[in-house]
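First chain A sits with chain B, and in the next complex the same chain sits with chain C.
And then the complex of A and B:
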């Protein structure tokens, strides 16, 4: 077993991990300016949540037509972003993709933080969050929320436990491998059950398609890899991690592959919906809103940004350029968020009797709560970048 | 609807018996299969009881059209020659066509077969018969749900034309249960055989409450964030 020791002052050992609090003292003013910015976001989120607790649902834009709002968009989105970390981590452990090993700790940290953010979205949406315990005590097994909610909780703990194993090297590669065998099916289960929340709604024809599940998996993986790639560049820029150009090239190739599969699934769904001999009036009418209706502003960019991102990464001569990789990743991250937003909103935009509801736009309270959750997630990663030993160290396998 | 093919059950049991099963085992299998068959028939019957009654419950066609068919299969009392055509405004079913074309999508030519509707297989159904079959031509999915007792199963008299106005299906003949505050559904409910009067739409949803203090806090926070981002960008990045 390798023991991590540090002679530097300010290092506190807790649960076998050396927390380098001394690094915070040496942090520059810009680091603290960034932290202050995140604290402002967190404070605004806290105020907004307090407002929601005081006044109830009237401060949210969720009305009869839209029982779900921005929190659910973010839940789908953050759960998806968590996928990228696990794909990279699992590639190292299961398939020997050693080029990704330096990213392992960052990948698992991001995965855990994103799931935490997703769960916080659910908690803050509850006007009586202390009643959440009843979901555990009296679960309704016919509701997919039971499965996705419990999976997200488990997945978050598995991610943070994985991170602890990676940092402390407890159990060595054997335990890391075993944890991957647990985490990977759990991640697939989590993303699948999240898709089932939508696809098992018979009355919402837009969602009621089995294709929703693979689309969720590919969108999640693509956006997760994209956000991991950008985070890796940031960590490399600030000298936290030493990452090779080969690793980035490999990651961007993987990203391009998943993006084209994601776009292909979307195309298949669009064709099935609109093909004259297979089109069902209700489904086609709802789907048409994506292209010509109120939500075209959100969905058409999904296709444009997605195709642009793939085109950028498809060129062999330019794929290795950091600017290209970062631009393509950023485009796809935005595209998947807009896809999640339009998917959620559009599902409710036409009710089962065919009546249209005006487009959903989150209220100030919802927006600030989401901002607070994002700030908290970024704050955890920002502090972890200083305090946690995220650099993968070599160790003798046990 | 669950269809039980009792012949195939019986033949399967015979095959098993001929295949060399012990008589007692074969009898047990027979009993189990019979029990399941009875249960399934019972369930399907229960659902059937909730679905079509085969009556045009609310639409008052026969008030003006006392259509009866004689033993020769022809109408005993043809419509008056000088009877004016209907002038029904189709709100949704205008997609079926314009003028007579829209009518003839469901009704057979009244000069040839008055009071007859056209079924998907081309056969005719009296206007006083099971009108739901006509709706099935286009609304086959809803028909299947309704047939299974899923759609409208709580309405004892529910037939396609009994609950919905056949010409404007969004007009639904149901008794509005007070308080009808609306849930965003565009249901225009009228009671039985009363002149149609659309209900008022659902009340507008209450506006989103954003307290002034939160707006001010958000604005101040946003301004600080913009200043910090400017500082980070213009000052350069350093760990």
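And then the complex of A and C:
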């Protein structure tokens, strides 16, 4: 493990961080091919956004039946993926889970980038992005949008500030701990208010349940840990971070625990919806679409993939295998996306006046914008992997 | 028998002139009949309400109808009102607007819809209308099983129910708007600031009556049909909905849909005025509101 002690060519020091631009020069062709691929994705996204700005909402697949589309699915999803990073980082600081310490910089970086992606999704959906300034000038306290929007912005800054603290060691362990005390409640607040955007609508019976909040918290944490686990394996594979098998084992146990809690919450909700003494026609009719209706293709896999992922991680003989851990994580990342998609679009599919709409599928423009945002996020992480000192250096006083 | 057969066509002829054109005589007959019906319906109601007022003016609150209307007016207060009235209509007065729709009379002809589209510059390409007339099977008013795209004209063997913005006293859309781009005026009309709407569409999501609509395309209206009193370009890329024809009603006219209804199923008026048709209907008829259990306190009542 090479620790940079003196400036070498290509290293630029800025706000106390050594940006190793020299590493980019020595990067191999495979790295550059990947970067070019991401740049192409980003370019396509930019073109699609320009198209949307020129022609307005008509190029999107959203209509009055589906006022929100892929951007909102992605907002819930990316905000959720950001949770995992923070949970891992916080458990180092709060619970002394030292095995995760080598992962903490990567975890915080991913959290920040995911929230950035979530916010970009909102901006690219707005026809007049400059009007967003009204959110600051005349915020309406009864609108859940205000809370989730401000929380996401704040959370992004806290994550990047945290990363800076971790890299520069400014303030030492004391400040790292204090920042956790701010960031962890903020993360819970962010997922709670994101769930409120759905659940605080008496007009949409499918969403109008307090259970939405715990489900959002557990889904977010599970998918976040899963994506962090995969990212950690990639970083280990390319020799950027040195991570032990014990750390992965511990991370996958945490993942399995959160998955089973997530599935349990879902089961409780399903029981409440269909139990003869509690079933309400509107809610039960809408929820039934998940199992036998138009949305079965998206929701049944949520349960199948979720249970499969948990079974894979619970098996005593196989759970320590990297391949199993990666497979289970990937399954749950897909499952949570399907859950977000079916939850949002099914909430709209039967409107308050009982009109049924055929399932929502994003248009090409929407898909390309999302692709561009994902490419941008991956580009930031890819470049950071070379340029930023993500390796946790020992800073104990010697 | 033979006599009656001979008499019958002679009786029918003046009632149904050829081509159903409105002859002078038919018009006068209709006028007389309408006046008669109105007199039969409203005069006793007015008299009875005045008798009530005269007889027990002190305990007016105790009277079922009056107390209910007073409670409604009390509930119907401005929400998130920025303090200045909307620019394209006269200032909000002391009225509290309300509407009563007779679902028994509604024949599903959609003339209110067409009048509304023309009056309010709704884009002919926008794919929505402020008023949605729901077709239902006779038997029950089941909001979960309705047909919106029924054949033009309506059928006598179906039930019809027009739904539009209810101008709720507790409007979820106003509560849900993150930037206060929509609010409730002192006269009860829920309005939208087209220059402020950020197009988050949270109000579409949170409205229990599906009353709000987003302009996904730039609204197109033929040049000779544009109503200069209603904005058009500003509506591109923002949310719009029924305004109770704010530009008409604040200038002493009734709404376009009320005017267009051929069977008089719609009554629009001031709840503050005890002699308005709306007030009288609320006091004398068994009215109900759509999704009353949601507590949104809509300002459109149905009577059947």
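Please note the rule applied: the second predicted complex is superposed on the first by the 389 of 398 C-alpha atoms of A that agree within 3 Å, B and C clash if a C-alpha of one lies under 4 Å from a C-alpha of the other, contacts with A are read in each partner's own complex, and residues count from 1 in each chain.
The rule we apply is simple: a contact is a pair of C-beta atoms (placed from the backbone, for glycine too) under 8 Å apart; a residue touches a chain by one contact, two chains touch by 3 or more.
Not measured: the values here are computed from a predicted model.
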item: Which superposed partner A:285 touches (first chain B, second chain C, both, neither); value: second
item: Partner chain in contact with A:253 - chain B first, chain C second, else both or neither; value: neither
item: First, second, both or neither for A:351, with chain B first and chain C second; value: both
item: Partner chain in contact with A:327 - chain B first, chain C second, else both or neither; value: neither
item: Touched partner set for A:308, first chain B, second chain C, both or neither; value: neither
item: Partner chain in contact with A:168 - chain B first, chain C second, else both or neither; value: neither
item: First, second, both or neither for A:64, with chain B first and chain C second; value: both
item: Touching partner for A:208 - first (chain B), second (chain C), both, neither; value: neither
item: Intersection of the chain A residues that touch chain B with those that touch chain C; value: 58, 60, 63-64, 351, 353-355
item: Chain A residues touching chain B - in the complex, by the definition given at the top; value: 27-28, 30-31, 33-34, 36-37, 40-41, 43-44, 47-48, 51, 55, 58-61, 63-65, 237-240, 280, 351, 353-355, 357, 363-365, 368
item: Touching residues on chain C, where the partner in the complex is chain A; value: 80, 127-128, 132, 134, 142-146, 148, 163, 172, 175-181, 196-202, 204-210, 213-218, 236-237, 291, 294
item: Chain C contact footprint on chain A (complex, rising order); value: 56-58, 60, 62-64, 67-68, 126-128, 131-132, 134-135, 137-140, 142-146, 149, 197, 200-204, 281-282, 285, 348, 350-355
item: Complex contacts: residues of chain B adjacent to chain A; value: 141, 170, 182-187, 202, 205-206, 208-211, 214-215, 217-218, 221, 224-225, 228-229, 231-232, 235-239
